[in-house]
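Going by the order they are written in, the chains are A, B, C, D, E and F; count residues from 1 in each one.
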């Protein structure tokens, strides 16, 4: 089976249970996450063959990270080990009008120290059919940026589909590289753009509004600027508060504009990784369905992720398809 | 005090905390359940004198099951012990559009091996005034069906009220007996029918719609077909999603049609056993109130069960009466 | 920095996790609370200098109480130790239409045995600028009432602002003192009144309605009866059920009537201490803002408290100000 | 089946897990205990018919206490409910040279307020064959002492065997009654004495040493002073540290002195209630075996209790008999 | 890398924490185990390439089992899925003289229903160099026995080393097959015998004592009776009680007798799977060291397993080698 | 009250419960530690006035660290906040022959970035009477070394007693500074030396044996080389395995050699921070007792720490004095 390749940091996520703060309880839980890993695991849960490439610490925390990835059936054969500790993030989960708070310890992590010579991209991509990247990786360090660029370049040479989720997070990008320049460089290797008006305005320097008309225009201009890009998918979140969101999506593939209806998520369990669930749903969907159904699949996957703790979407294909078919009343499965 | 008798399987219920999946945590919680036991315990919580009849394993799991039943004050004196293990069910609790998932390990359980000679019905029913059965028991095994039939026959001879909750669950009934034939046989011993259009259509082979008009007609035809049946109570659930339901009820007793208003359950904690809470509320109610108030009591009990973890309704009579009286704002009780 | 002084019982709060009952789990959690302590800690979380005065047991439970208070930076230097055990309350948290239930073990607690000679008020108030009291303390015992009265008297002599939250709880007041007489006595030492129509009608013996017009009239009459009172702040709670409330506030300061808009708390985590969070927000607010903004700050603080487990509001000033500025969508803070 | 009757306080026991202190974790566990209740439950676990008489609070904590007692099959039909809260004790479990620490909140508990008119002793003892009392109950309050005395008097009139465990705990006895006078009074109703040199010296005012010779002499003098006493059983504990004890026992029945060998408890799980397990083992043993074997049974039961968390001995007869037969290597039971 | 193949049931193990009983807590933990799987995972932890063959349920419990196996890097590619539920065992962990208790629910499990046609042995053994079996598998069902026999036959044809741990457990073997006949049949395919005097006497019908002389004689007779067997390894456990054991081992390989010194395990955490850890250590050791050092490695691995919760030995090669080198004082590794 | 000053890193310690590994459970617990902080908190538990100086992150993890320190009554007024994350260490607690394993994430922590200008030593030492340092701090970074040196210099100028625990940990010291040179420099400011033969040989370049004779000679030579040093205290640990240690101590103060007897710690709960408990005991002891009794106090404190989870010794003075007086049988304290 042809492989989907993801590349990015593996983070240890530590958080108190429920809505507690660290000051309230010294009982905490951990998972592993990281935006690209989340995509990877989610696709594996859809039955896809996936390999995640990263650098993790060579201590028992790194061992645990690898075992965590392996338990979902994601290949860890191209993960390298490092003397540096694994990146960590601490999370306090908010509720209603209280926002969730995150604190990172990642700037000198094992992944941030990666450099191109540490990854044998030729071997890593051998069975590849698709590669996915996000804007987090090039934001972490020069080495991460360079390593990603080398991988994407080879991926395109080998004819892989390349999906980009060029999220721009201003708190990162501290190592000196200009974000816009770097993202533009990487988008030239990409064929599927996962992002909305903010991301497009960021890379094009434009000022489009959130209207559907502007979305089409912006997408079209993006595709003209980056001829490799064939499709643009945008996920729209409406937040009543931290516990209640609505999700819908829209797309432009150069010929057709489509949008989905809102999925109403009335009791959010954990919203981390919901964007990654959308990306994973899209990557799975585009391999099995047409563009519109792929977007429906992605939206449903994204909505379902809100009902799982942790960074990862635990849904399988049946779970997602049921949502697309309109079974949103949560009836028991025996 | 005259006793209410229930007969059915005791199941060990195992589930991760909150909305976690088994893959996410090896910390799980257990309760004991089983549809008839749930009814039994709930009536005991209303102050009723109750005896539950079953077969449980003779290991420490069976001991724990008995101690669990005993702690609610339900009599375990007619429970027999078996060499076979206790039935188990595993549960992953869903949220919003994610359904809860259940997996059973019950087909060779201690209860499934029960045969009529194992229960001394004459002794068991000595103090009985009411006997309750559901469609789960005859679906489990020939022995369970035969044992139940023997008990119901004697119960009617002794003049007990017999309530039937003839839920038809297609995943069961694997041992060869035709479901419809069996349920019809057992309904001939019953005086109170707890079920709706689906259950009536199932046993009558009719095709009534969900309208109130059809409910009355269907109930009337049911009562004509089964002359022992005097009253029909139907609970109606409207599910927005797995976390948000509305509950109401309607009844036909041959003379009078009544229905309740919706109770809005905006934040479901656990919906398992809510039907059993309705049945228990009804059995309690019919012993203390008129038919309509009994139905109000049952609906309120059912609604309250959604706010407790586990299979069991922990409400007492005061708790339920407060809801009937309109105190649904959840004000503190000090 | 000038100190805010609170005086009142410290209670050990014990409750099962989530919505469980004590019958369901022998795993419970504890926090410490008490209405005046909650105010104290909440102000400390806003950066205020606070001292809490109380009597706690001299065993390891008392030690733990003191360490709990100390961890928020509240001064415990005027807390006295007692041979009597710490007061305890047990809590079962309800949901939807199920009310939370509380059971107290406080009538012979360390605090209930306090008498005026145990507190050196002169020393305790040395750095004070504000003193806060509630109607719980005088309701507990003659000694508690006398001690409070002595403190308030000295506070007024020293020119401290005195805020009163004269909640009347009928289950208390068992030691013989007439509640109304006592509250009237203590209100004569107070300058800020935190309470609504019920509290005003209670002390004035009037019968005002909940309308804004009546609120103004009632407040005005209150301020005429108690010339020391300069401002009245009223928090209004609308409860859909135990899991979903709305909060707003209104005020009259002799010149100006203002009210806030409803804050919609769709998924309550814990409502205990939300009134205390309002009082704390007000005390902080009145020291830093005008009356209206202080009320906005108090309302937002109150709303945020609903999202934290335990008695205490863990919000800091930034958290609250964000709500006032309209950021109620719970967006991540990284 | 003839009943064994116990009478005494039911306490809520709250403790952090493992060897933690309250300052280290706000996650705690609770059980119910109380020396006479522990005896009661332990006998029920041996298959005995037992009734425990007490007064518990009428709140949900009292409900939980009753359900806890009921789950072991102990009759709660003579327990009365009280407006006062249930007694509580807090426990920090030590290890090695660190002692366990206990703090009580029981001086105004529901049981301490009991008076003779609250217990219908005639009804309570109707099926009784044995009654057991300890020195804790008369130490709690005048009412508790009077109620116990009334019960013992009637028990002797009805010919029940009465076992006494007259432990003298100096921290109690604060209500005015002289301990020695009270214990002497109660011993005149007793037939089996469970206690050693300390307890005998306490009531006789003697100064016997711990030697076997003195034990025989002391027992003999005791039996002469209290002609109703027929047998004396003494449990001897050698403590290397809080985690490692040895247990043996000796007896004098007027004719025969016997002693057991040490049972070596190398890894103590919880030592609370181990004396109660000895008493329960003795009561069970004396009903089924000769004096010596009863003492062996009691010693083995006592040793086994050290391996269970909580106040209660969860061993059944088979478990204890295996130890008597020398199976102390802890081989698996499948 | 050449693969080690194991074949056997995967069991869900459920147990309360620490030394609690099921009656004491409804918080339990689960792991997966099964004697051959334990061997498999332990070898994977030593860096070996391992494949475990089994039949697991096709529900979410089976999914979780597979993910659990996968997380250790053991290949699950030859595991088949079944409509039957996964086998379960319940465990209460004893201490000191209290034995651990186990209750099984496995007689109609997914694995018990396996038949030869469900396993493609030719494919499964393709990369195999070693196959391991135990006496549990043929004891479960005719199908399990037949399937194992077919696998062993092919394994020998392909020249794999075959290790046998022919533990005889009398509680199993209920399906009709004679245990001795079956074990003899399977031993004819085996080259390494892991077992002691009991196992040898069982299959030879002899009556050797536990002395070293008899061990050599018995082993020699075994090797003459089963010419394929080249080596015999015996692990000897001395149990002071359930919490304190000593472990040593001895061997005979037809030329040389060797024995190890006792390893003193003073504080056992969990003894389940310690025999499997010995077998796994031996299989790893015999591939990398001479017979004697392999036995030392196996003994050390066995000792280390006693310090881990669950069925699995989490030690890696470094951990074990340190013990062999005499580092048994448990000094920190930073 | 005169203050004791400590200076050093605050670390977040994260570990699974009991003896679990990170691979076994995603439920973990955290405490805060760090060798100098442990000393500080332990002295506060003895009633001392203590200030800990450090740099912690300015996120919610840093807030939690400060609240943790504050809860023991240690002054945090000189702690500075940093943009860098708090240092973390992960711990897996071993048992018997399995060593505990630690993995650090501290090399770019908030404390490692400290520089002299960040600490106002003059203000920080204003009330100081004693300052304590360890060999960990100068090993972390040039800035930490420089800051410590500046503090020690001023401490000596102000006449504070300075205790040194110059532990040499080879895994640290990666920033370029020569360990021996640095430690020698810092010892010139020290008056009490806490360490044994290894530490003395390290700084003197000698080769003394562990004998008492050599200890005296080595201490004498140390005191001649560093004339400020007046006393040498050595703690000796004998480890049977990771769960069972013995502790004793010896001292030389230029005139007198004394040693203590072994304290036998048969069931270790957590050995981290036991050296710090010794140092804290010594610092407390030397302020209240003569040298020998101070050493006895330190040994007993050290032994007691082995019975508490976490880095901190929770004993108070009474607890320790009981051990010195020979009460090591762990008898209950009620």
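By definition in this document, a contact is a pair of C-beta atoms (placed from the backbone, for glycine too) under 8 Å apart; a residue touches a chain by one contact, two chains touch by 3 or more.
If you want to know which protein each chain is, UniProt gives these names: A, B, C, D, E, F = 2-dehydro-3-deoxygluconokinase.
These numbers were taken from a predicted model, which means no experiment stands behind them.
Shared contact partners of chain A and chain E, listed by label, are B, C, D, F. Judged by shared residue numbers over all numbers used at their interface, chain D and chain E contact each other through mostly different positions, with under half in common.
Comparing mean CA positions across the assembly, the chain most remote from chain D is A.
Relative to chain C, the chain whose mean Cα position lies farthest away is E.
One inter-chain figure worth recording: chain A and chain F are separated by 44 Å, centre to centre, where each centre is the mean of the chain's CA atoms.
In chain D, the residues that reach two or more other chains under the touch definition are 18, 21, 23-27, 29, 31, 67, 71, 101, 103-104, 267. Chain contact summary for the complex, chain F toward chain D: residues 18, 29, 31, 71, 263-269, 303-304, 306-310, 314-315, 319, 322-323, 327-334.
Chain A meets chain D in the complex at residues 24-27.
Across the complex, chain F meets chain E through its residues 18-21, 23-25, 94-104, 169, 171, 239-244, 267. For chain D in complex with chain C, the touching residues are 14, 21-23, 26-31, 57, 59-61, 63-64, 67, 85-86, 88, 90, 92, 101, 103-105, 107-108.
Note for the complex: chain A touches chain E at residues 67-68, 70-73.
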